Amino acid sequence: MSAAGAAVPQSGGEPLCVFGTGDLGRSLGQRLLQCGYSVVYGSRRPDSCGPIPLGAQALSHADAALSASLIFICVHRDHYGFLQNMAPHLEGKVLIDLSNNLKKGMFPDTNAEYLQRLVPGAAVVKGLNTLSAWALQNGLLAGKQAFLCGDSAEAKQAVSQVCTRLGLSVLDKGSLSAARELEDFPLQLFPQWRLPLCIALGLSAFFYFYLLIRDVIYAYVEDGKDISYRIMVSLANKVFPIVSLVMLSLCYLPGVIAAFIQLYRGTKYRRFPDWLDRWMLCRKQIGLLALGFAFLHAIYTFIIPIRYAVRHKLISRVVDEMKDNKTTPFYFDNTEAWGTDSFFVLGILGFFLYVLLGLTSLPSVGATLSWREFNFIQSKLGHMTLFICTAHGYIYGWNKFLKRSTYKWYTPPGYMLCLIVPSIVLVLKVILLLPCVDRTLTRIRQGWERASSRDQTEPFKASKF
Amino acid sequence: MSAAGAAVPQSGGEPLCVFGTGDLGRSLGQRLLQCGYSVVYGSRRPDSCGPIPLGAQALSHADAALSASLIFICVHRDHYGFLQNMAPHLEGKVLIDLSNNLKKGMFPDTNAEYLQRLVPGAAVVKGLNTLSAWALQNGLLAGKQAFLCGDSAEAKQAVSQVCTRLGLSVLDKGSLSAARELEDFPLQLFPQWRLPLCIALGLSAFFYFYLLIRDVIYAYVEDGKDISYRIMVSLANKVFPIVSLVMLSLCYLPGVIAAFIQLYRGTKYRRFPDWLDRWMLCRKQIGLLALGFAFLHAIYTFIIPIRYAVRHKLISRVVDEMKDNKTTPFYFDNTEAWGTDSFFVLGILGFFLYVLLGLTSLPSVGATLSWREFNFIQSKLGHMTLFICTAHGYIYGWNKFLKRSTYKWYTPPGYMLCLIVPSIVLVLKVILLLPCVDRTLTRIRQGWERASSRDQTEPFKASKF
Amino acid sequence: MSAAGAAVPQSGGEPLCVFGTGDLGRSLGQRLLQCGYSVVYGSRRPDSCGPIPLGAQALSHADAALSASLIFICVHRDHYGFLQNMAPHLEGKVLIDLSNNLKKGMFPDTNAEYLQRLVPGAAVVKGLNTLSAWALQNGLLAGKQAFLCGDSAEAKQAVSQVCTRLGLSVLDKGSLSAARELEDFPLQLFPQWRLPLCIALGLSAFFYFYLLIRDVIYAYVEDGKDISYRIMVSLANKVFPIVSLVMLSLCYLPGVIAAFIQLYRGTKYRRFPDWLDRWMLCRKQIGLLALGFAFLHAIYTFIIPIRYAVRHKLISRVVDEMKDNKTTPFYFDNTEAWGTDSFFVLGILGFFLYVLLGLTSLPSVGATLSWREFNFIQSKLGHMTLFICTAHGYIYGWNKFLKRSTYKWYTPPGYMLCLIVPSIVLVLKVILLLPCVDRTLTRIRQGWERASSRDQTEPFKASKF
């Protein structure tokens, strides 16, 4: 014991106190021990409170509170009652409220304010409630943000020091009245996915109805044919690649816009407009959704030949060939063979690169890349993917662009519409790659400023482009 | 030097000693240095012992032992001989035996007990043998468990303090006679996969033979046809989705059972039966195996149209059509087109969600999710997947349930059998979602107890449902 | 505050100084704070320098330099000018140059040497420039290597102590003239992928032209047929599996060679030849490329039936069947059905295992495996995959090996060529598994040495086989 104790002084300082020996309490205590603190548990039954981490001590609530000035409350709001009874023992202590509720608006006041009301003599700090017992146990805290709020600056300072030792980045959110925001935080569901999902759903719905009208309803109205069975697979397999391509181009558009803004302003030291910032922050999610749609497109394509309608059509065609008394080998259209094969090859390569991009956005894979490698993949490989997928779209319509029959009811087909944004992105990107433009942009990104723009020096939020 | 030294005192305490400068010894020493300990190596040739971590010191075995009271033995059992010779120098020291063997039962006694016999005056502690040099080097210790055993409580306490600083969770396994268990531990192969794999293999074998009898043998006995070629692909492609669906439902069944147990008992503070606990702990593995089978099912389906037998059948059908002098366009069955397309669409969507569930169970992806998000995906999305896949199964048999010819030899086809468990799980889940039931369950999970159940207060192991 | 402060002394020592409050400076400071150092920032405008981590202090450059002896320079080379002006304040300090350039050879001298020239009185240490702000923020340092170079051993020692506390493994690269190498390091792009990529491209090009001559040009020269449309898909779908299989066998060949070298030498304590070491270090990359080719092969196979040429051929065949007045059911070749189905099944299983191997090489998945499990998957499962894929290749040519027509222009088809290396690897592996050979090898790997080889005792670099 002395050997280890000598090297890293542990038992010297005042201990930290944890009320509650549930999952969260145990995990938090263990983690605090691992960071070199000594830990004391407060429990209703200190002798039979279940397993606590090796090295910690279990006392009664009152004794535990006596020995420490920071107390972590790892107890459900429903059980806060006992704290009111022992309020005298908590006078002058810092109470950290880690509790969460199951739903928004379950109680009129926040847990933290309720706690402060029960124990007016203590300084309540709300925070750390975004940590799960699971993350604590598995040491997954590094780099995570911890929000704190509370009315006593000194208390917050003490808690933030502990948070820093736990490996967290602390963000002060102000007085205890901000507790509502902090308690709602862990109840949010994929906040950064909301906008991308809305875009994806909006685009899907639009193109779905657009194609429904152009294909199914047109056939019914003009030719009296019922091809409604196409709704399930054929239509979907047109919508998926369209949405996927548009989303992919939306993923690279903000980077291009940002470059033009920097060129125009002649400096990188000014903030982008808010909408652009928000857009750039959800590029990863937009890209992953695009990959999802591409994945669905691929599988929908693979099952084409086993569909009833496709087999039926194939058999009909054979019987037709026979009826016309054609002799074999009948006409083999070499151009058609080259065209469709190129179409497939571009699609496959595009999908392959798509998957590669998706893999490198896995956190553990991305962590093994240097910044330059990450940049190479997300920028070079990304634009290459966009180029190949756009070419895939152009070849799909290669001989149909100029045909009259393509424009049913004077509307262009879906794939033409979806080629607009990607084409614009690619053209703008080519302009940015012109040597003269590229040189200026590189200098701006290295910190050079055009004379006229020096007067603004707002700090600039770095953006990986 | 002084700057860094001043901020974090390092050189003050007694050093830790490591015997052995192999891969493990070097990695362990480096990690100890990173945790703020000073480290001394004991080596046969202190001057030419190969690279040791910067900041550590290499001495002779005897000198190193003198300067420390904790000695990590990172040497193969075969080379323990020299320790006996220097036993006097090790009097009163704590020796940590980290060694592993290549196979179970290679030696009659454990390495730790052998070491204790060689150096009776020291306190041998077995432990840390589950750590690989690779994990140590890459800082992958956080959250891992370290088992310790030894006869001296004081020695174990000292070692456990070091383990805690390394970020490990320590579990005391008792006296040195438990060393056998600890030494066998790293020789285990996927212990948590054993039960799920047995279930998967059992189900596969059962359904394979069931379908073999119903399809191939039935055709041979009743019609005299040899369709044995179906064994390779067609049969397998029936077994895979069946097993996958059953496994998926087995993944969600224990959660439902647990909810009903809690409802029945009126409290969450009582342990589940052991079999349920064990089942719940291997749900992830069961789910991943289900995904594996679904993946195989998907690929088997994609290659259907290029199989010889399928092409042969298609050609035969065309020739038949011609023989019957049917005229084109011959009859197009709209219901059939809708039915098969719905079948495919449900299958594709189910597979898509399956893959999504699999992706979120990747450790690095899971770590980026909040508890609520993880819960949403594994519970909501999981039950949705189960529902879609079950619907996929029902549509497969939509018009065959009531046909006589379906029940060859009075046995139901495989897909009917496999729909039983998923249907039960879904029905039970729907019951749990009824407002009145849901409200009671939520209250129980928040800690509320029905009056009659208060008398039992056994600590309860939290389960993520 | 006192509670936390007491347990882990933080404010005691001399602080570390960081010049520059950009992304990198802020992230580094935060990380230093989390490791228990106190941090002072030097800034042009200490009062309006943007957000700095909680707990750090912002001073003017001169004041900050006064209070610390270690100064991290997180500023672009372009802005080094001000350091010359304040050179007197930097006398005797250790300056750590973390800067990087955008391209190789942008400046005649390295940033570190330039800095040393500007401030001759300080001890410049180059290093930590491989860390990104992103890695620092997310705590992804554990196990990463930090290279240092500098002319003052004392200065390097001080810096390396800080690096160790940050969780890095330090490697001293010598005097400041090595700065060129360190500054070029983060500009490298996938250095460990270069060799595997060259092999893959070389193999692809060779087999592509080989098959082009044998298939397309042969058909044109001998039969006058233009089958050039096959270039896009059919040829590629022959090249991909060939390259994939060869790469997979190249992934397991070095392990087998290493085993035979150890058997021949009778010891594991001697280094392998350099080429073998380098080969073994890029096995993971070779394997992942093989997986990439297998993935492409799979998708190319799935789209076969929707290709124009394939449909055309199918229809032609039906019409031919009709012309020949065959009656249905026409001849069903049971052997053909078994053969092709076996071929597909082996391909699918091989691909499944391939994907499994790929998944376990994800960093976060690999980290959850024990060494024995990792070894089991990469060795046992890997050789199994190689065996199944090789069998897939053999069945492809099952009845063609002895046919004359197979050897166009006296050249063997591509798949025969590609079976050579895998077959050799499998045969050698089987030899190694013979009990007598296996026993000797196991003893050697446990440290046993044949008498004749004891005289060499060069330290051996461990290799996971």
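Per-chain numbering from 1; labels A, B and C assigned in written order.
By definition in this document, contacts are C-beta pairs under 8 Å (C-beta built on N, C-alpha and C of every residue); 3 or more make two chains touch, one makes a residue touch a chain.
The shown structure was predicted, so the numbers you read here are calculated from the model rather than taken from an experiment.
Visitor: Both subunit B and subunit C are touched by which chains?
Guide: A
Visitor: Pick same or different for copies subunit A and subunit B, depending on whether their interface residues overlap by over half.
Guide: different
Visitor: Calculate how many whole Å lie between the centre of subunit A and the centre of subunit B, each centre taken as the average of the chain's C-alpha atoms.
Guide: Using C-alpha averages as centres, the distance is 26 Å.
Visitor: Touching two or more other chains, which residues of subunit A qualify?
Guide: Within subunit A, the residues that touch at least two other chains are 9-10, 36, 302, 305, 314, 318, 322, 362-365, 367.
Visitor: Residue numbers of subunit B touching subunit C in their complex, please.
Guide: 1-10, 22-23, 30, 33-34, 36, 50, 53-55, 76, 78-79, 102, 130, 132-135, 137-140, 186-190, 226, 228-229, 232-233, 236, 292, 295-296, 299-300, 302-303, 305-309, 311-312, 314-316, 318-320, 322-323, 362-364, 367
Visitor: How about subunit C: which of its residues touch subunit B in the complex?
Guide: Touching subunit B: residues 9, 12-16, 35-38, 68-70, 94, 141-143, 154, 157-162, 164-165, 167, 169-170, 172, 298, 301-302, 304-305, 314, 317-318, 321-322, 326, 328-330, 332-334, 336-338, 340-342, 344-345, 348, 351-352, 355, 362-365, 367-368, 370-373, 376, 442, 446-447, 459, 462 of subunit C.
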